[in-house]
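Note that the chains are named A, B, C, D and E in the order they appear, and that numbering of residues resets to 1 at the start of each chain.
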Amino acid sequence: MNNLSLYFGLVFSGILIKNVLLSQFLGICSFLGVSKKTSSAVGMGMAVTVVLVVATIASYAFYYLVQVPFHLEFLRTISFIIIIAAIVQLIEVVMKKYMRGLYESLGVYLPLITTNCAVLGIAILNINNGYDFLGSILYALGSGLGFLLVIVLFSAIREKLELLDIPEAFKGLPIALITAAFMSLAFIGFGGIL
Amino acid sequence: MKKFSFKGGIHIHGSAAKKALTTNSQIIIPKDPEYLYLPLNQQLGKPSVPVVEVGDQVKAGQLLAIKDGGFSANIHSPISGVIEHIDFFINEPTGQLSKSIVIKNDFSNQEVEYISRSTEDAMKLTAKNIVDIMEESGLVGLGGATFPTPIKYLGDKKCSAVILNGIECEPYNTADYAIMKNHCKEVIRGLKYMLIASGAPKGYICIEDNKMDVYETFRQTLSGDTDIQVALFKEKYPQGAEKQLVSALLNQEVTYGGLPIDIGVIVNNVGTAKALCDAVELGKPLTHHYLTITGNVKSPSNYYVPIGILFKDLIDDEDFDKNNVLLAGGLMMGKTMYTEMTPVTKGINAIILLEDLPKVGPELQCVRCSSCIDNCPAFLSPTNLAQLVKNNKYDTLNEYGIVACIECGTCSYVCPSHIPLLDYIRHGKLELRRR
Amino acid sequence: MLETLIIFLILGLLLGAILTFASVKFHVETDPKLEEIIEALPGANCGACGYPGCSGCGKAIFEGKAPVNSCPVGGSPTAIAIAGIMGIEANSDQKPLVARVKCNGADNAKAIYEYSGAKSCLLAKNSFSGMKLCDFGCFGLGTCAVSCPFDAIEMVNGLPKVNAKKCTACGICVKACPQFLMELIPQDQKVLVNCNNTDKGKNAISSCKVACIKCKKCEKACNFDAIHVGGVAVIDYTKCTNCRACAEVCPTHAILVYEKNNIVKVVAKVEEKSGCSGCSANCER
Amino acid sequence: MENKMRKVTWSPFAHSGNSVNMAMLDVIISLIPVIIASVLFFRMGSVLVLLTTTASAVAFEYISRLVLKRYNSCQDLSAVVTGLILGLTLPPSTPLIIAVLGSLIAIVVVKQLFGGIGNNVFNPAAAARAFLLIAFSVPLTNWVNPMTSTYVDATTSATPLSLVKTVMMNIKTGDMEAARTAYSVIESNSWGLIKLLFTGEVAGSLGETSAIAIIIGLIYLIVKKRIHTEIVTSYVGSAFLVTVILSLVYDLGPLFPLISILAGSLLFGAVFMATDWVTSPMTKKGRIIFGIGLGVLTIVIRTFSNFPEGVVFSILIMNMVTPLIDRHTGNRIFGKVKVKSNEKK
Amino acid sequence: MKISDIFKDGIYRKNAILIMLLGMCPTLAVTTTLSNAIGMGISVIVILTLSNISISIMRKVIPAAVRIPAYIGIIAALVTIIEMLIHAYVPTLYVSLGIYLPLIVVNCIILERAESFASKNNILHSTIDGIAVGIGFTLAMLLIAFFRELLGTGAILGFTILPASTNMLIMILPPGAFLTLGIILGVMGHYSNKKKEELENE
């Protein structure tokens, strides 16, 4: 029971409280870049979620099966980024061949994810926070869903911002950042829920 | 008593008072003018083709122009006289240059021989006979849209009901009221011929609850008649819009971008029924019709006028001088005319003179109060459409269903930010059509 | 130390092998042009273009959905490289174009009614062909200015004024004007016919003071066979030398000269000779 | 051609006479009972805070329009409304400089930078209130007692909301015993508490204390057709339902839901902030979803988070969702057969 | 290419944060105090310069097909070295930079400079470019951190200037970061628009 609530808490806090975008600032580049259209935002968010989970599994396995036994923890960053890059590449190639439909909607976002801080960041955070295997996966899943939620909401607002009478100087990114500020202010409201 | 109504719409402020100007007036028949201007594109669709030449002597009721294909209508001479010109004149309510036949009245009042029938004979006519009569007499929808009437009856779709539209929801107009009040029986007989023509089992006459006297008259006249039902409607604008009327009465919606006949319904104006009755029984083609002249004039009244008469011949110069705005049609859906040298066409059922346009404040930002959405009878989102048009995003207009807009003006009427929403929508429609 | 090397060697080899295998096994044919475009992009995958990464942007450019200068990071060198791949080369033979207005109506053209409707030329066109007696002229409601995506058109005194520096000759205003008054002309063209009225001379001048009256004086004045009067006087820009001869003889000032983005009225030569300009200044016909 | 030129324009040739000014004026009128109640209970504190926020809101509106070189929009009264509502959400003891900062955030950042009235994505007053709460948490959670103007002592007496909060916090930590003890404080005098909550003689933010005053305002707005009632009903209704479930689960007695609805700024937020035209959805269906989201979020945040009140946060969150709601709850267009959205996915 | 041009481009004409809008994650996350921003800035300068140098050296060796993975590998190695150095010598900074230090690996600025500059230019230019872009990045971070630290904690570099009652906690929380950057960009946009207009109206 206690474990269950802990795992639930990991997912929930990934989505709302420690939102990967609004309170941890991971993956802001793609957050600001790929949120001009809701359709792309949905694709990006889903692709990030998938890659987060797969990358977490791989990096977790590599860290505890290879690095820890050989005392190579210091090589964490470099090995993780290589693993992530390889996984992203692999997913892309496989998807392109066998899941054409999915590739059209998700695959195009994959190259962007290699350099998305969220993936590497969550992989490292999982190790830093000492979550167990299941916990790591759930935290990655929660973070991915949090990314998806926020980027979709943000993109819907940005599509609306396009039509508004915003002062010339603030058009585009400045007003998007101010919007993000109030979004993260609203998310602070969830603080301490768990 | 059940009162029908539709979703959306508005109550126009002071509508009762505006109607009261002309409800009790006598129908005035103006004296024949010296010249009549008959534009050839009075109907929706293709312009008619003249069959007379300059210099020809014509009698009242004589065919002047024949329809060009199915989607068009014949035009007949209301008076006897000589054809003076057949040339382009700009003084035509659609605002574009159009060919018109100009007749100089010789005041001899010669008429062609009309083929009249008794009511009993007429009732024995077949559907085809009646549609032929409609075609010959140049019948078009007299509610304002001037849709050639026979087309509604020619389709191979099965028709389940004919609806007579006597709603007249525009605030000033009372011409339909005058027709119903004075020609109750003709209207009913007209509807009966329509039922024959369409093969529909059921007819409806729709009347708004601000015309209770007419409603009672019809009910009494029709007591015992099971084919025809008189339906009472709540006073609301735009109750008289064809599609909204059908949905209110039969709880069926005309399909998007379609016509009422697509769901087996034919809607005609009461004026059309009266004109059909005249055409069938008296053999008279459509040469005269009813209209209301009202607003800021000395003697607002209903008129029975020959088609082609100029506004100038109907209204005092004095009335023209004191008013800046000359409206043809209704207050909500009519058009402004810039000159009184405009002829009355089949589509004009009211002439309204106003001292000035309504004082509306400057256009402000939309405050998303959603009153345009809540009141739109086509369930559109006018403010979104306007915003798309403002931002040159025409591609998405169809997605938002701009085609369903009936241009009733409800959105512009209610907007607290004084945004001319309908103008934006019109612009968007034109832009889409141009592409 | 040795362990590190071994682990990374194994890791590298393993991943390299898998990826090589995968890319051979799951190879999907793509257009070489597309790959070239993606190659030319910076490859930072930053997403600043709004597309999903450089390959997304490349694909959009390849499919013609995005302009060649879509990458804000790469800037103009990238744009030029991509334009080269796409085969859209800057044509050096063609002179740069700019949009101009073929009407100088405004207050010169007579109005027939007071239009207080929506500021949309399309709607105005539908209400009695506009508020001017001249059916060909500008309504001054600024549909072109609204349509311009570069804010290059400004309404000044009821006529659109094109800012040549901002104008990219995209042609959107040409399509937007319901009166067909916008025209793309070479940037260095100075002399222009500012009228589109094809009515007969008498009708034209009665509706607008500065209309072309089809007097054909310009045709005679032109030494280069560059101006001809059809429905209205039209300059052949390939022959025109901007000598202003036509503008000087035009009795209604329908032919005007642009200097530094502003219209300059050319005073007729006749006036210079006689020294008195009274008659021609007051003469409307 | 005669000399006189007729006017030509497009239909319709009539207007209802409705205007934004009138709508805003109605909102101000509906706020009068609330303002009177707050002045009655909090005296000078109320007057000073309200005057400061309103005056500074109007001033900022004027200045920002001037700087942005746009037409002066002060006469549409929306700045007055924002200032008043912001003021009414603040505690009576708010330092005035903080109140001015609140107006600055509300008018300049949240409203004018987005393009002025009609364009703001977030409710200016709610956003500013949340901003101030996070920025200056101490002065904004200092409550004073009504009539006496003494500071509320956290140990002896408390605001009704903090009583509810104590119960909830204990439930959250699983300490049912403490929850029950805390609840007994409410239970011992629940009718008295409800009466106080109706009249408003309790500690709290300026405008939120008196339920009666708020309901009078609500009735005025409904009569004048200035608000969408479905937001108020679905908000309060869903919040009520959630608390009923909570009180059933934890056996907190029948009056607990009523008390937790009346306590805090839930009613005030539901009537005056959530119903803001600009930041709420445009269709009926959307507004009901909006209200339900607000109700659930308010109770969730209020019950389980670090913050005493969830109204402003839930309003901000739902403001954020509004564009998405708007997109997916568009009215079915007349005559169009509904496309089954399931088939797509 | 003139060296002064590289400097101008890197520091302000094409400022990584304020103009190109790259490397947003650390920009927003570690600008709570000036000292953090300085630490991050110096790390980025060092890594960027080193990566530019090494990539410039190897630009003719690395095959085009695998260049991006190779760059990432090089950058990751450099980051790991710096990470270890900071951990050893400035442990407090190591803690406060936290996860954002290893995340320099995926900072778009570094990869972007590698791909678009270092791989096409000689070692000298690449070195200068690295330093210039790094300085531009640091200066922009300092600007943001200045406002956030001053308004949030009332201090500059830890020295208290404003009284505690005016401290706005929100400025050192995430909303403050977004807000500060948004307003700075907006104000900058205002001035650059003005300049552009002046140029156009000439």
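Here is the rule we go by: contacts are C-beta pairs under 8 Å (C-beta built on N, C-alpha and C of every residue); 3 or more make two chains touch, one makes a residue touch a chain.
Just so it is clear, the structure is predicted and the values come from calculations on it, not from any experiment.
Trainee: Of the pairs D-E and C-D, which shows more C-beta pairs in contact?
Mentor: C-D
Trainee: Which chain's centre, taken as the mean of its Cα atoms, is farthest from the centre of chain C?
Mentor: Comparing chain centres, D lies farthest from chain C.
Trainee: On a C-alpha centroid basis, what's the spacing between chain B and chain D, in Å?
Mentor: So the centre of chain B lies 49 Å away from the centre of chain D.
Trainee: Approximately how many whole Å separate the CA-defined centres of chain C and chain E?
Mentor: It comes to 40 Å between the two C-alpha centres.
Trainee: Quick one: chain A and chain C, Cα centre-to-centre, how many Å?
Mentor: Centres of chain A and chain C (C-alpha means) sit 44 Å apart.
Trainee: With chain centres defined as C-alpha means, what is the inter-centre distance between chain A and chain D in Å?
Mentor: Chain centres of chain A and chain D, defined by C-alpha means, are spaced 33 Å apart.
Trainee: Among the residues of chain E, which ones contact at least 2 other chains?
Mentor: Correct list: 21-22, 108, 111, 170, 173, 175, 179, 183, 186.
Trainee: Counting only residues that touch at least two other chains, what does the list for chain B look like?
Mentor: Where chain B meets two or more other chains at a single residue, that happens at 335-336, 338-339, 357, 365, 390, 420, 423, 426.
Trainee: Name the residues of chain A that each touch 2 or more other chains.
Mentor: Residues 29, 32, 75, 82, 114-115, 165, 167, 170, 175, 178, 182, 185, 188 of chain A touch two or more partner chains.
Trainee: Taking all chains into account, which pairs touch?
Mentor: Here the touching chain pairs work out to A-B, A-C, A-D, A-E, B-C, B-D, C-D, C-E, D-E.
Trainee: Quick one: which bits of chain B touch chain C in the complex? Just the residue numbers, please.
Mentor: 90, 95-97, 335-336, 338-339, 357, 390, 392, 420, 423-424, 426-427, 430-431, 434
Trainee: So in the complex, which bits of chain A are touching chain D?
Mentor: Going by the criterion above, the answer is residues 38, 152-153, 156-157, 159-161, 164-167, 170, 175, 178-179, 182-183, 185-194.
Trainee: With touch defined as at the start, can you tell me which chain C residues reach chain E in the complex?
Mentor: These residues of chain C touch chain E: 39, 42-46, 48, 72-74, 163, 165-166.
Trainee: Chain C touches which residues of chain D in the complex?
Mentor: Those in contact with chain C are residues 1, 5-10.
Trainee: Looking at the complex, which residues from chain B come into contact with chain A?
Mentor: It is residues 365, 387-388, 390-391 of chain B that touch chain A.
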